[in-house]
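Chain naming follows the written order as A, B, C and D, and within any one chain the residues start at number 1.
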Amino acid sequence: MSPFAAIFVPDDLAGALSDGAWLEAMLDAERALVAAEASAGLVPAEAAAALAGVLRAELYDADALARAGRAAGNPVEPLVRAIRAAAGEEHAGFVHLGATSQDILDTAAMLVARRALGLIDGELGGAADACAHLAEQHRETVMAARTLLQQAVPTTFGYKAAGWLVGVVEARARLAALELPAQLGGAAGTLAALGDDGPEVLHLYAERLGLREPILPWHTRRTPLVDLAGALAGAAGAAAKIGRDVVLLAQTEVAEVSEGDGGGSSTMPHKRNPTNAILADACARHARANAGVLFESAVQEHERAAGAWHAEWHALSTLLAATGGAAAAVRRSVEQLQIDAERMRANILDETLSEAHRLGHNVAAPEDYVGAAGVFVDRALALYRQ
Amino acid sequence: MSPFAAIFVPDDLAGALSDGAWLEAMLDAERALVAAEASAGLVPAEAAAALAGVLRAELYDADALARAGRAAGNPVEPLVRAIRAAAGEEHAGFVHLGATSQDILDTAAMLVARRALGLIDGELGGAADACAHLAEQHRETVMAARTLLQQAVPTTFGYKAAGWLVGVVEARARLAALELPAQLGGAAGTLAALGDDGPEVLHLYAERLGLREPILPWHTRRTPLVDLAGALAGAAGAAAKIGRDVVLLAQTEVAEVSEGDGGGSSTMPHKRNPTNAILADACARHARANAGVLFESAVQEHERAAGAWHAEWHALSTLLAATGGAAAAVRRSVEQLQIDAERMRANILDETLSEAHRLGHNVAAPEDYVGAAGVFVDRALALYRQ
Amino acid sequence: MSPFAAIFVPDDLAGALSDGAWLEAMLDAERALVAAEASAGLVPAEAAAALAGVLRAELYDADALARAGRAAGNPVEPLVRAIRAAAGEEHAGFVHLGATSQDILDTAAMLVARRALGLIDGELGGAADACAHLAEQHRETVMAARTLLQQAVPTTFGYKAAGWLVGVVEARARLAALELPAQLGGAAGTLAALGDDGPEVLHLYAERLGLREPILPWHTRRTPLVDLAGALAGAAGAAAKIGRDVVLLAQTEVAEVSEGDGGGSSTMPHKRNPTNAILADACARHARANAGVLFESAVQEHERAAGAWHAEWHALSTLLAATGGAAAAVRRSVEQLQIDAERMRANILDETLSEAHRLGHNVAAPEDYVGAAGVFVDRALALYRQ
Amino acid sequence: MSPFAAIFVPDDLAGALSDGAWLEAMLDAERALVAAEASAGLVPAEAAAALAGVLRAELYDADALARAGRAAGNPVEPLVRAIRAAAGEEHAGFVHLGATSQDILDTAAMLVARRALGLIDGELGGAADACAHLAEQHRETVMAARTLLQQAVPTTFGYKAAGWLVGVVEARARLAALELPAQLGGAAGTLAALGDDGPEVLHLYAERLGLREPILPWHTRRTPLVDLAGALAGAAGAAAKIGRDVVLLAQTEVAEVSEGDGGGSSTMPHKRNPTNAILADACARHARANAGVLFESAVQEHERAAGAWHAEWHALSTLLAATGGAAAAVRRSVEQLQIDAERMRANILDETLSEAHRLGHNVAAPEDYVGAAGVFVDRALALYRQ
């Protein structure tokens, strides 16, 4: 349903969000459950060992599970059936013990998100590095500041890159602050099937998965997804802001930056499309739309939602893909960005400097803005280096 | 990026929206272009014949094109390169003559949409038939009307199904009214490369494709996509409204309808999840979100947008998939819906009838509502039968 | 809650959407109801005459009704109480006879929308006139076409304005095709309280209001609002597309158009902000967001929704205000747009013409594009003049 | 443009978001600027004293400023003109020294948000108190858990209220973590007009306003607004989730809770609409939509955005109003919620307990769930009491 997705989403991220990756994550959750219950004495060691052998992704087919899951409306129900069949009668009863489908799928969502977040952070980190480099290198490169797309007064390109940098640093901080929780609650969230051992199993399960132990199951209290939505849409926005600036600076009539090393086409010497910046913008639109689905779907009924929950899987996966796509595109754009400092200087109209005088700026030339701008460049770089 | 998509989207619709289907559509556009230009005398008959042989989908790989399209930001640029290579030096110059990438992709989008709309309409048609059947069969089945989820006064289930029916009929009418245009404008929308033959080629191109001939190219005037967005989001909403009602009527404490033939599970006799109704709700959320992307992306720069255009492909494809998913789910739900007329009658509280008296209703029993409700049932059925 | 709304919304439209205008519209609905019921013999002529005297807006206070409506969650309930009190014991029983709060509010929404649509259409009409004028005047004004914000090949400003024009013409056609229906269904949509006279009263009621008679009440079948959402968001998009182009063309480094008569400021000779184009963009964002609320709120429960309905009033009103604001801003922008034809010609890079040659354009100078572009300008103007 | 806003928004919050409140906040910013610059020696003490006399809200008219601001596209430009006129020739030059309109409006937005957040937190705090009370009081009140709106296994109402509670506690934590920054950057963000004193003035300005000092100005790096959007939409979602549950539990056929003390209407003994829960749902829809506008508007051009910035004022104000409206409505709903514990117990079907046995729950009666559920209730209450 997503034509030409490879244009937008890096291969590693696409892999991390594939049906296969989701299947792996579901099996990770089932494995952690068995192990936790074995530790708590609810599953015999022998059964646990036997189940380890059937909780392997290569035994199952994600697409077939999706088809089989049409009747139940989720892929866990057929997966558990398949696992039980593979486990044999003796051990089948210890599969998925005390859990409900949503436990496995929500936990899988967090595992998938964690891996994708790592990749997204890598892209954002690369973008930050490149922005920091630009901010440093161009601390003294003067250019016109533009407000409402009109030249205002001079500034430096270092200052502009410093602003991009802080946006990315803040986005990374928001993502790093996310605490992805495990999900385990059983049929109604109370873990009643595990008797008194419920809380202990929840603790061990989360620990094994390296996920946060929640205060109480979050079946229909979707704070974790809402937090992801906000942080990811924010990150996509930070990336798209850079992309927008690059597209504008790369305009034929502005020509202050270009993507690429100038190789371009010998037949189209004047045309060098800022493709990466453009893709960042496109991706951010999908990130926002899918974040919106998660915000909307936070309104869930009783102990399991009839629809809102089911809408989350696609929304989360697409949100992660689109945010990562935006981050990767911007990293590529900024890493290879060619700066035409002479053109930046030359583009500053005389009237722009006159306007600066009118505003009381005590400057004789655009270069006199380096000092004021540089203070902020240094602040941004200090934040980045923390 | 869309985990377990098969749960939500029917196989035929998924096929119609696959990368392969998009590739086919792009080749359809290129083929129509060659043919139109041959008719206009711009492409020699021999070249046209030769090109027909290389404009076949099996010669190209959609995923490889997507990867190759990363640099250009779209899949048409590498496709045209590949076609030209396949065509050989002699005919390469007649490939994609006078066209730009967006011409092919926008036209392909309309072709993909047309096929998907056919499938969606089929699902909605099935849903309408089932609703009409229910409206007729239950013209005299009394039940409680519920406002703000509180019993109000009696009504009939036929009336409720008639309301569903009209919603679906209206949704189909909106979709049927869409006039999908071909796109052909060349580098800047003027078809200048075709000299005086531009308008004639545009006419022939549209005719061959069975698409509407546009007044002028719509590169950055996105009315066709906005129209699709509104009509499809509306259709998804009509489907989800039915789904919502089914979920509510199927609640354990209401138990007036159920999906399926009552087989259910011998171990869970009291539990029969209205899965189809639930999936309709989930799908409609994605339909709305992606319609939103299309509305947002209607604001496009100059003669080709830097990002907004690129965001449309995924949005349109997902919108079609999600709307079709909602329609199919509701069709399945309504086709198999089990109505418990006795329970409907029994659920009407005495107070509900008292309230009716207080409101001046001149009725002695719920059955006395059949007349008033029936007038509207008949109107709905008449509309349906038109 | 909308700071500085007057910046964005024309005074007449703000008035048409004010609390007072909504109150007027609610009373229009109540008046039409009494009149229709009098015609049908359900209300004595004497009572109808007496009620006409108390169904006047100056007798009620919209803000007080809103406060009084907190308990019921809508303003009609306290309004009806107030009308009954004003009518006196003798006639109170004939107030709001057989109707429910939603009947009055939904009908009022259609009346408010109709008046606002008239004003919006006026703004769009003015914008169309101005675009047509530009298209005609600049049929031979050559400029660079820009794809992905890079110069592509030459085109004419007349062609660009023709594209804007068709967008507005199509938007107006969508709005003109809307058929706003009256709403009357009583407690559960069956008009049961009116006995056999229900359909006749519905017919007369709609006729009196000049609204379409619906097939059946649309309490929770929100096609009319979904249709409004799509058409209005589309119109806002058409306006914002023009605004975006104006902002880009007005950039300091492009300087091909400017808003205003060139007076500008003697102290800021180089700065002339395209304020109207900017406001159009801002308004369109709100139009889209509120259209989204209407699409989402189309999923309504049973015979009256618990929340989705209540969200519509603000969404519809803001959608109308924002779309009208966008239309008015664009009208002002385009009406006063200053075109610098020399600059347009001078901005065309030599490489742009070289590129055209490379693409096979048989042209010697930008002026040679006037012909191909002009064909489409003429088509657009013919559509406009229909 | 927002009909009957008083139904949805508490009076104190409406006041905090009024045009007058925004005007006050703009003047607070101008006052802080003069004071900071006086401390830094840029404004003479005498001028500062004189300006204090004219930086008072009663001297200006918010609506007139909005009208006057149409030409500039913002209300600060006419306000500064008016202040300068009031200040007289001698001191006019010290008004707004080194600042740009966006500095004042962005800072005002943070001041308005801070005050509104205080009120919203108060409402959420009240809701949390009420939820905690319910969780404690009903630690042993058994009821059916419902998944996909079907009875699953028993749980307790205390557990459900504990889930609501944690949602609200988390929402408050997100809001409390927001660090609202001051904005001051001058024409292009570098504070160049203040020479070397820029950073010191920024520091003093933020300090005086009690806002965070930003690393660098955030003219077009909208992290603060994106953070607000995420946290507020999340809070609205937490409120709406409670509202949804209340609406569902209050259904005639479920009848486990009701709003109010049972006063209701003697003529409608069976009807008690959960109005507050309904309003929470409606408000949350607007919160989400306006959060979406802020996320979209984070993509801002260069040093001041042409439209995205202008869209923020309405979006932020409406987002705060709607979130506060949702919070207040839920507080009222939960504070007065009547729990019918007997009905909760009675509604549990025999099959529900049978299902529990099938799932391996070692229980004889619904009451046997109190223990497992209670563990989580205690965890939630401990979090709340922290």
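One rule holds for everything that comes next: a contact is a pair of C-beta atoms (placed from the backbone, for glycine too) under 8 Å apart; a residue touches a chain by one contact, two chains touch by 3 or more.
If you're wondering where the values come from, they're calculated on a predicted model, not measured in any experiment.
Just to note, of A-C and A-B, the chains joined by more C-beta pairs in contact are A-B. Within the list A-B, A-D or B-C, C-D finds its counterpart interface, over half of the contact pairs alike by residue number, in A-B.
In this assembly, the C-alpha centroid of chain B lies 25 Å from the C-alpha centroid of chain C. Separating the CA-averaged centres of chain A and chain C is a span of 37 Å. A separation of 29 Å divides the Cα centre of chain A from that of chain B. Contact of a single residue of chain C with at least two other chains is seen at positions 146, 148-149, 152, 240, 243, 247-248, 273-274, 278, 281, 292, 296, 306.
Considering their complex, residues 144, 146, 148-152, 247-248, 250-254, 267-274, 278, 296, 347, 349, 351-352, 354-355, 358 of chain C touch chain A.
Contact residues on chain A toward chain B in their complex (touch as defined above): 1-9, 14, 17-19, 22, 62-63, 65-67, 69-75, 240, 243, 247, 273-275, 277-283, 285-286, 289-290, 292-293, 296-297, 306-311, 313-315, 317-318, 321. Those residues of chain B whose C-beta lies close enough to touch chain C in the complex are 73, 97-98, 100, 145-149, 152-155, 159-160, 162-164, 166-167, 170-171, 174, 186-196, 198-199, 215-217, 220-223, 226-227, 229-231, 233-234, 237-238, 240-241, 243-245, 248, 281, 284, 288, 291-292, 295-296, 298-306, 356, 359-363, 369, 371-373, 375-376, 379-380, 383.
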